[in-house]
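The structures considered in this document are given below.
Common to both upcoming complexes is subunit A, partnered first by subunit B, then by subunit C.
So, the complex of A and B:
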């Protein structure tokens, strides 16, 4: 959960980008880091392995600054998407305050999206958290590939598969090119801070 | 009432701060590439994107088939054909070795494709520019071959990752035409394989060999997990 230090007036929230392998979680953070590096003035930590895949996590801290006397810090994490790193994903989810579920829009990845969402729900429940209660934003990534004629899942299908019960905010995005990457992040930060505000005000 | 106003005010301040921090500039100028709609590379890209960590025979077969199709389309373009030959060679190596393929192979195959797409789609790119990009990818391919051979030597894996003699050129390939790329820089259709397919590899192993292989895989996962734990502890300490 968020670290709230009332004495020092610091709030640190943890947001995790979750989703199937090669869905674009790391690319989201890389886009933010490359685009706004000069403004956020922090370093992105990333541990990659075979073929540029995330081994443990990517980590991007963001200093929002002082608001109403509190220093707000956001920590963005990704989990490794590969199926075999389930225990690592669970570990990264410990203390999570908000989730971005990065779904892969490729038609061939429909099943992986559903399995990954299920694993998210299971892993959260191991920390006694509910997927329907935690701040959650869906991002339907790789929508830019539609322009290139590559078969993608219609957004309606993605909504039906993943978001019919949760009814969380969702964005069509391209982590590689940028559309809605920032909007997704802003939304989850605001939702997460909203969920913490009762401790702050 | 006052508390609600306070909360709204807080939220509004957060929003303002986020807008300020992450204000996006005007969209970057689009490059000169044309889209892939109805382009011969469209299917190849789709197949490449569908290849995930769990590489299967069917996805690799699709990739190799698609490369052949595109080779046919570009049979008159020596540069694009060479890009495709590089993709084919690495694709066959990955198919034969799957999870045991050198990790660099995935990176190189993506790099070669990206360069191929750029060369094929960028309008106005000069021939020397195309050749330069090709040479860069050829260099990466050669480096990969060296890494494969080196790894074989280090592991003393007999006949696992051989660099086999080049197979004959495909019938669709045109006769060599005058090229500005030095001939020695053009890769022959050398193969990086051939390790037996996963299931075949296990079939040929004695039980204790198969067990040792599986144990090695488990060890790798455990090593990764420990590394992850150490990193988590380090971060936790730093945050204290």
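So, the complex of A and C:
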């Protein structure tokens, strides 16, 4: 649920990083926070368990400059990935304007990716939103592990499992090392703002 | 500006607030709450976005983080209410040594966060929040 403030000429939109547990959602936000530290005026908010897993969400507000005379303020969130936190994930999705689905490239995580995408579709439909209509970008994370000989899912398999019907833009990335993390974020911001463009007069 | 401030397109609701709308909201926040001594008052949506915020000039809180956490907190407590058979808990209050926070639902989509100190009693604050909420509902209802 984006907010357009015609008095301050400001747009606020909410982008949520979704995906299976330990897939790299928080690592994406941590990388963005480090990379754009000078543009981010606040601390990154995290609500974690003692075991360093996301309990509720991570939150990072970022100002990306002006489009059509409006200051664009993007609120980046992650959801907790662990299966047991389904109700929490649904809460974080409230009012979402755009989604990055962070898929885990590890071969052993194939099923978890599919189940997480299904839970995303179900949770969106509880807010009367459709996964095929909302701005969505896939990120196939941990591609750097290929160099270390760790078995990864081929990108073609990930595309077939997750993106064959949705046909959303996708990026091979390493949230830990950085490749395509910023590109993923830029793509989802462009798509999200584009979906609001008709309201910016 | 003759633009409708609430727009339901493509199943995605975008809230568009005109300067006139925001001035009305700010007037209510200032007159009903700031003028009685609260430190800051912020109207947010349940997604955690800020609609309008006013303060007494002495507070430098990180309001964007506060809004995100308040929306999450309110959502979590509403889910808890459901688990024990309550429809909702429409207000929340956290007491600190110097500052207190009061959250009150305005409509299903909007939440009012008030930060206040010892100078204002909780009872009086609740009364003023209720008055302000009534006025805000008039502005925020879809189609109003």
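Everything that follows uses one rule, which is that the second predicted complex is superposed on the first by the 197 of 201 C-alpha atoms of A that agree within 3 Å, B and C clash if a C-alpha of one lies under 4 Å from a C-alpha of the other, contacts with A are read in each partner's own complex, and residues count from 1 in each chain.
Convention: a contact is a pair of C-beta atoms (placed from the backbone, for glycine too) under 8 Å apart; a residue touches a chain by one contact, two chains touch by 3 or more.
These numbers come from a predicted model, not from an experiment.
Once both complexes are superposed on subunit A, the partners subunit B and subunit C clash. When the shared chain is aligned, subunit B and subunit C each come close enough to touch A:59.
In the overlay built on the shared chain, the residue A:133 is in contact with subunit C alone; subunit B does not reach it. In the superposed pair of complexes, A:196 makes contact with subunit C only, with no contact to subunit B. In the superposition on chain A, A:87 makes contact with both subunit B and subunit C.
After overlaying the two complexes on the shared chain, residue contacts for A:21 are found with subunit B alone; subunit C is out of touch.
Residue contacts after overlaying the shared chain place A:149 against subunit B, while subunit C stays out of touching range. More residues of subunit A lie in contact with B than with the other chain of the pair subunit B and subunit C. Counting contacts as defined above, subunit A residues 3, 12, 47, 56-57, 59, 87-88, 91, 201 meet subunit B in one complex and subunit C in the other. Residues 1, 3, 7, 9-19, 22-23, 45-51, 62, 64-65, 68-69, 71-72, 75-76, 79, 109 of subunit C are the ones that touch subunit A when the two sit in their complex. Here subunit A touches subunit B in the complex through residues 3, 12, 21-22, 32, 35-36, 39-40, 47, 49-53, 55-57, 59, 62, 64-65, 67-68, 72, 82-85, 87-88, 91, 106, 108-109, 112, 145, 147-151, 178, 182, 185-186, 189-190, 193-194, 197, 200-201, going by the rule given at the top. Across the complex, subunit A is touched by residues 3, 6-7, 9-11, 13-15, 17-19, 21-22, 24, 35-39, 42, 45-46, 49-50, 52-54, 103-107, 221, 224-225, 227-229, 231-232, 235, 239 of subunit B.
Listing the residues of subunit A that touch subunit C in their complex gives 1-7, 12, 14, 42-43, 45, 47, 56-57, 59, 61, 73, 75, 77, 87-88, 91-92, 94-97, 128-130, 133-134, 195-196, 198-199, 201.
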